[in-house]
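Both complexes shown next keep chain A, but they swap its partner, so chain B is in the first and chain C is in the second.
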Partner chain A sequence: MFYREAGDFKTSYEQDSQTFPIKFDRFRYYAVLAIAFLVVPFVINDYWANAILLPFLIYAIAAIGLNILVGYAGQVSLGTGGFMAVGAYACYKFMTMMPEVSMFVHVLLAGGMTAIVCVVFGLPSLRIKGFYLAVATLAAQFFLVWLFNRVPWFYNYSASGQISAPERDVFGILITGPNAPAWATYMFSLIFLTLCALVARNLTRGTIGRSWMAIRDMDIAAEIIGVNPLKAKLTAFAVSGFFIGISGALFFSVYLGAVEVGEAFGITKSFLVLFMVIIGGLGSIFGSFAGAAFLVLLPVVLKVVGVDVLGWPTDIVAHFQLVIVGALIIVFLIVEPHGLAQLWRVAKEKLRLWPFPH
Partner chain B sequence: MKLKLTTLALGAVMAAGPVMADLVFPSLSYRTGPYAAGGIPFADGYADYFTLLNERDGGIGGVMTKLIECETGYNTEKGVECYESTKGEGALVYQPLSTGITYQLIPKVTADNIPLHTMGYGRTSAANGEVFSNVFNYPANYWNGASGVVNYLLESNGGDLKGKKIALVYHNSAYGKEPIRTLEELSAKHGFELLALPVDHPGQEQKSQWLQIRRERPDFVTMWGWGVMNQVAIQEAANIRFPMENFIGVWWSGAEHDVMSAGDAADGYKALTFHNVGRDFPVFHHIQKYVVDTGKAAGAGDQIGTVLYNRGMYAAMLAAEAAKTAQGIHGTADINAAMMRDGMEALEINEAKMADLGMPNFGPSFNVSCENHGGPGLVGVTQWDASSKTWSLISDFKPTDGDVIGALVAEDSGAYAAENKITPNCN
Partner chain C sequence: MKDMQDGYTTADGRKIGGVVMEMKNITLRFGGVVAIKDISFDIREGEIRAIIGPNGAGKSSMLNVISGFYVPQEGEVWFHGEPRPQMRPYEVAQQGIARTFQNIALFEGMSVLDNVMTGRLSYMKSGLFSQALWKGKAEAEEVANREVAEKIIDFLEIQHIRKTPVARLPYGLKKRVELARALAAEPKLLLLDEPMAGMNVEEKEDMSRFILDVNDEFGTTIALIEHDMGVVMDLSDRVVVMDYGKKIGDGTPDEVRNNQAVIDAYLGVSSD
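Showing the complex of A and B:
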């Protein structure tokens, strides 16, 4: 009834090929943006920012990055944690080497650095695929964590091997450090997420994205019709690395403020982001958002319901959390292997026909 | 229906209305994950002591205490969530029992003006209260521990460690890396050779480290381990027949569950401590009477009297005493976090006070001051007896190398102050 193409006339190619061709979708998108940018910053408090919104925004960027690599280009990666660590440590080094530069620049540079590292570790993808590539990226994960633990230059020779974010600002507004206001950290991450999502969406609709998908679907066929696998695979690694690096930099500087590489960027982080992509939906930008929201919010919701509402002991709730998240992952893989994004797609198809399904 | 709604609303208002606010002590515990074996007894001891205060004394200074437990799983992200969700409830002091979470919280608590007490863990240089205004790590810190090990070895080797080799098996994290600097300084001072062997989280895989120990044949092994890493290390030491008397763990590597699994082979293993062990104190009768017998014991109630239970109880005792001090300073029973900070800074623990609390000779006497948030740093040594399954204190609380540690604390806190533009100040 509300959700249909009828009556929504397109008079130019631009209009026809826009991201949200259906009017209702488009307005919903504008409404979400308006709420996120104009309403949330005024009502946000420390708890919402640090416990829910920041992790969601930052994991969403990481999930978009990984989705480009795994979902669009079909290159399985288990190195996300290591690449996020590259972003975090690069950001830390830039922050301490050039304290006067705006935080925006630091984060972008950290993303760029991660892109380079990611391309280097992506080189084996030209020769190997599937499980073997997964193992190669797993090696990247362990190597990078080991490197940041082993070489004191990366953590400025601090006694504990921890890196802590000093106070840095953007146009005089503190973004990192304990005195940064909640709205500023939220807006900073939100701006990055919005930019990343826009870039990712448009890349995946264009030539590069199509070449990624061609490689994913059948690399030999893609090569025969003229897709350069070297270029396609390495650009996928570069773009993915850029996004993951940004998320790692934000994760360290804006969200946690101090990290320890083994604990914050271990193999569990790689799996967490991979689960987000799988649950959210491979090859879908919306899926990255949905997956990140699902895995960030679920533990918090379970904790609030279990401990605060029902008054159960904290350890029982923590164990239940593992059981429930694990069970949900299995259920999702069986019932809806294409993830939350596919559920959304089906819901939209149904809505389009509603209320006259025949 | 309308009546029902009104009653409900009234009930809600009455429940929410602050008649007399409780003194809120959040407990950022971990009862799950690879470090739960250490987290559970500590959390139980912490909770039981506050329950005891409520049941026996009617709270602190007439105000009931309220413990909010939040599960961190030793994970920094969950730790942040716990901090943010509890700080709005009027939390008086945080004790996260995790060096990683401590590093996160140091800048946050300073901005929010809530004290942080990291007893025997955390950032060692926080002992310099001029820089770390809201962080306390009395009565002892890692560098006291490192020096305590060396002092004990000096004592048992006739004051000479020249040409000896000491291996440090450490958890490859901020926690485990803390003592390295001090041990390096001490190795230069006393002429022993230091061999540092990192073990990655969670520490179940240590074959290669112990193989290296077997090859290098160090005279002594010291360990900075936590959680499952301790059990594995002690088992591995037993496997290579390393003499247990020459194996000394820090205070986080010396609880019952760490040595139990190795059985008789663990006999003679030593660990540092900064408080007494065992349950031979009057306070345990009170806990039995007011907490256990009334069915209010935290957790499964099976940890009472273990090393880490005692440590949790000791932490709670120090927090409660600081709260009393704060009530005295500010002349109000209903203190807030800023007042609590003042109380911690003016805390005095002496033998008479501890005896009053049913804990005679439980820990060292000490005073906290604005300059010194680290206490005296007195370190004792305990030894495990596998046949009677008890820890006993074999070396009393003794001072550590203040010169070496003081210089390192000044250097590290100075760097922190410069990095964060803090002007050291005590007024």
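Showing the complex of A and C:
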């Protein structure tokens, strides 16, 4: 009833190509932003930050990054965990080498470093695609984890082989380390997520996004009508790497605080982010949010229901959790292969007509 | 007619200009198979040039040579009076050669508008950072190119579907969107690979009208492959006939129609 295009006229091409062309969408977007920035920081506590909000924000950045590569440019990647590790270790090195510089700079530099590494491992995509490319990126995953395990320079020769984030602040407010307040870590991650989502949206609705999608949908035809495949693929790897690097840096410095590379950034991480992208919806920014929310929230919900409501033992619930998440993923892919984003689109199309479907 | 360096005048009074593209002794082999054997012909400015021939004659291969997708083993492609160095297909596209495909090669996951805008990629030069912020050059460029794209969309009468994902469109419309995407590049030379394949009479008439209109309004030089002889003879100014990779005829539709080799290739020759 409120969701109407009627009367919402566009008189310029700028208006027509904006991110939320429908007025209702636009206001809802402003409302979500306002709540996220102005309300949540005042009510947040440590449990909410560490169990739900931080992982959601950080995984959403990673999912946006991977979605650009897989969903928009059509280049399959199983190296997300490895690339997140690059972001984490780059961030760690920058933090220890330049302690006086702002955390914002460290995280951005870590993203840039990951972009470079991602482009290097993206070079095979110029010759191979599909499953073969997936295997090539899988090699990146294992190689990077091995590298960070075996070369002590990366973890500053610490005895445990772990890296742990020293205390760093932005404008005098602690962001990393055990004493960082929940609202500060939340705001820090939220700012990055907002910027990443805006940049991703701008890129995907413009020229670069079109050349990515052209390569995804039909690479030979794309080249014949004027898409430079080298440029399109490598920019996709670079932009994707930049986002994934940022998420890796945040995951290490803001969320976990201390990291052992094989545990935190193993192959399971690659699959987790890939599941988020597939369940959320390939080729959709909203889908990245939805997928991250789904896979972060579901275990929490199951745990609350199992332990607190039904009173089952914790270990049984933990096992059930795996079974149920796995089953739900399968059900989801059968019912709606295009993910949560497609369900959302269908719902919106229905809403446009509701309650008068004719 | 051939000796006239500056072109000729067609039967319906259109002025045809100088040579835009010239194929010189092109030979293309795939291993032992000779797809194109020593073929030469030219395409003149403003004309509609047809390439015809039975299945497997090498017509599509010829188009792929022109658009840079195949590299011939022998021979040269001359474009605007100079030999074209070997280049990648996207560089050829940037030189002003656009094409459509025999089996529709649209980007199915994108809307009609995005497909047409993809045709204008060669004109969009803004950098990554400008695009990431959607400010300055990127935004101005988007709007300017959108205007051109909308003109093409108007011209081909596909305004009502501009926001529709291509995957949802029927075949005939897809063919038209593909033509729109090629036209959006404002090509100097437009290559059409069987623009009317699989269409009914009415759709063929529509498409023929669009091709003539494109030639007439934008002055675009067109080279097309088509199997429907009626269409070819009505549309084109000059026709190249190929058979088994060789050129067996070249001239106006009337000349080609009466060429004995062409009649043999199409109707067959008795073996005794």
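We adopt the following convention: the second predicted complex is superposed on the first by the 358 of 358 C-alpha atoms of A that agree within 3 Å, B and C clash if a C-alpha of one lies under 4 Å from a C-alpha of the other, contacts with A are read in each partner's own complex, and residues count from 1 in each chain.
Following the convention adopted for this analysis, a contact is a pair of C-beta atoms (placed from the backbone, for glycine too) under 8 Å apart; a residue touches a chain by one contact, two chains touch by 3 or more.
Because the structure is predicted, anything quoted here is derived from the model rather than measured.
Because the two structures share chain A, they can be overlaid on it, and in that overlay chain B and chain C fit beside each other without clashing.
Across the overlaid pair of complexes, the angle with its corner at the CA centre of chain A and arms to chain B and chain C is 150°, in steps of 10. Contact with chain B, but none with chain C, is seen for A:Gln162 once the two complexes are overlaid on the shared chain. Of the two partner chains placed around the shared chain by superposition, neither chain B nor chain C is touched by A:Leu174. Touch criterion met: A:Ala318 reaches chain B, while chain C stays clear of it. Of the two partner chains placed by the overlay, neither chain B nor chain C lies in contact with A:Leu147.
Contacts of A:Ile116 after superposition: neither chain B nor chain C is touched. In the superposition on chain A, A:Ala36 makes contact with neither chain B nor chain C.
Superposition on chain A places chain B within reach of chain C only down to 33 Å, the least C-alpha distance between them. Taken in their complex, chain A has these residues touching chain B: 46-47, 50-51, 55, 149, 158-162, 164, 166-167, 177-179, 255-260, 262-264, 266, 299-300, 303, 307, 313-315, 317-319, 322. Of all residues in chain A, only 12-14, 17, 199, 202-203, 205-208, 210-211, 213-214, 216-218, 220-229, 235, 239, 283 touch chain C in the complex they form. Residues 29, 31-32, 36, 40, 69-71, 73, 75-78, 80-81, 84-85, 87-88, 99-100, 103-104, 106-108, 110-112, 123-125, 172-175, 177-178, 180-181, 198, 200-201, 299, 412, 415, 419-421 of chain B are the ones touching chain A in the complex. Residue ranges of chain C in contact with chain A, taken from their complex: 67-69, 88-90, 92-94, 98-99, 101, 105-110, 114, 117-119, 121-122, 124, 126, 128, 131-134, 138-139, 141-143, 146-147, 150, 181-182, 185.
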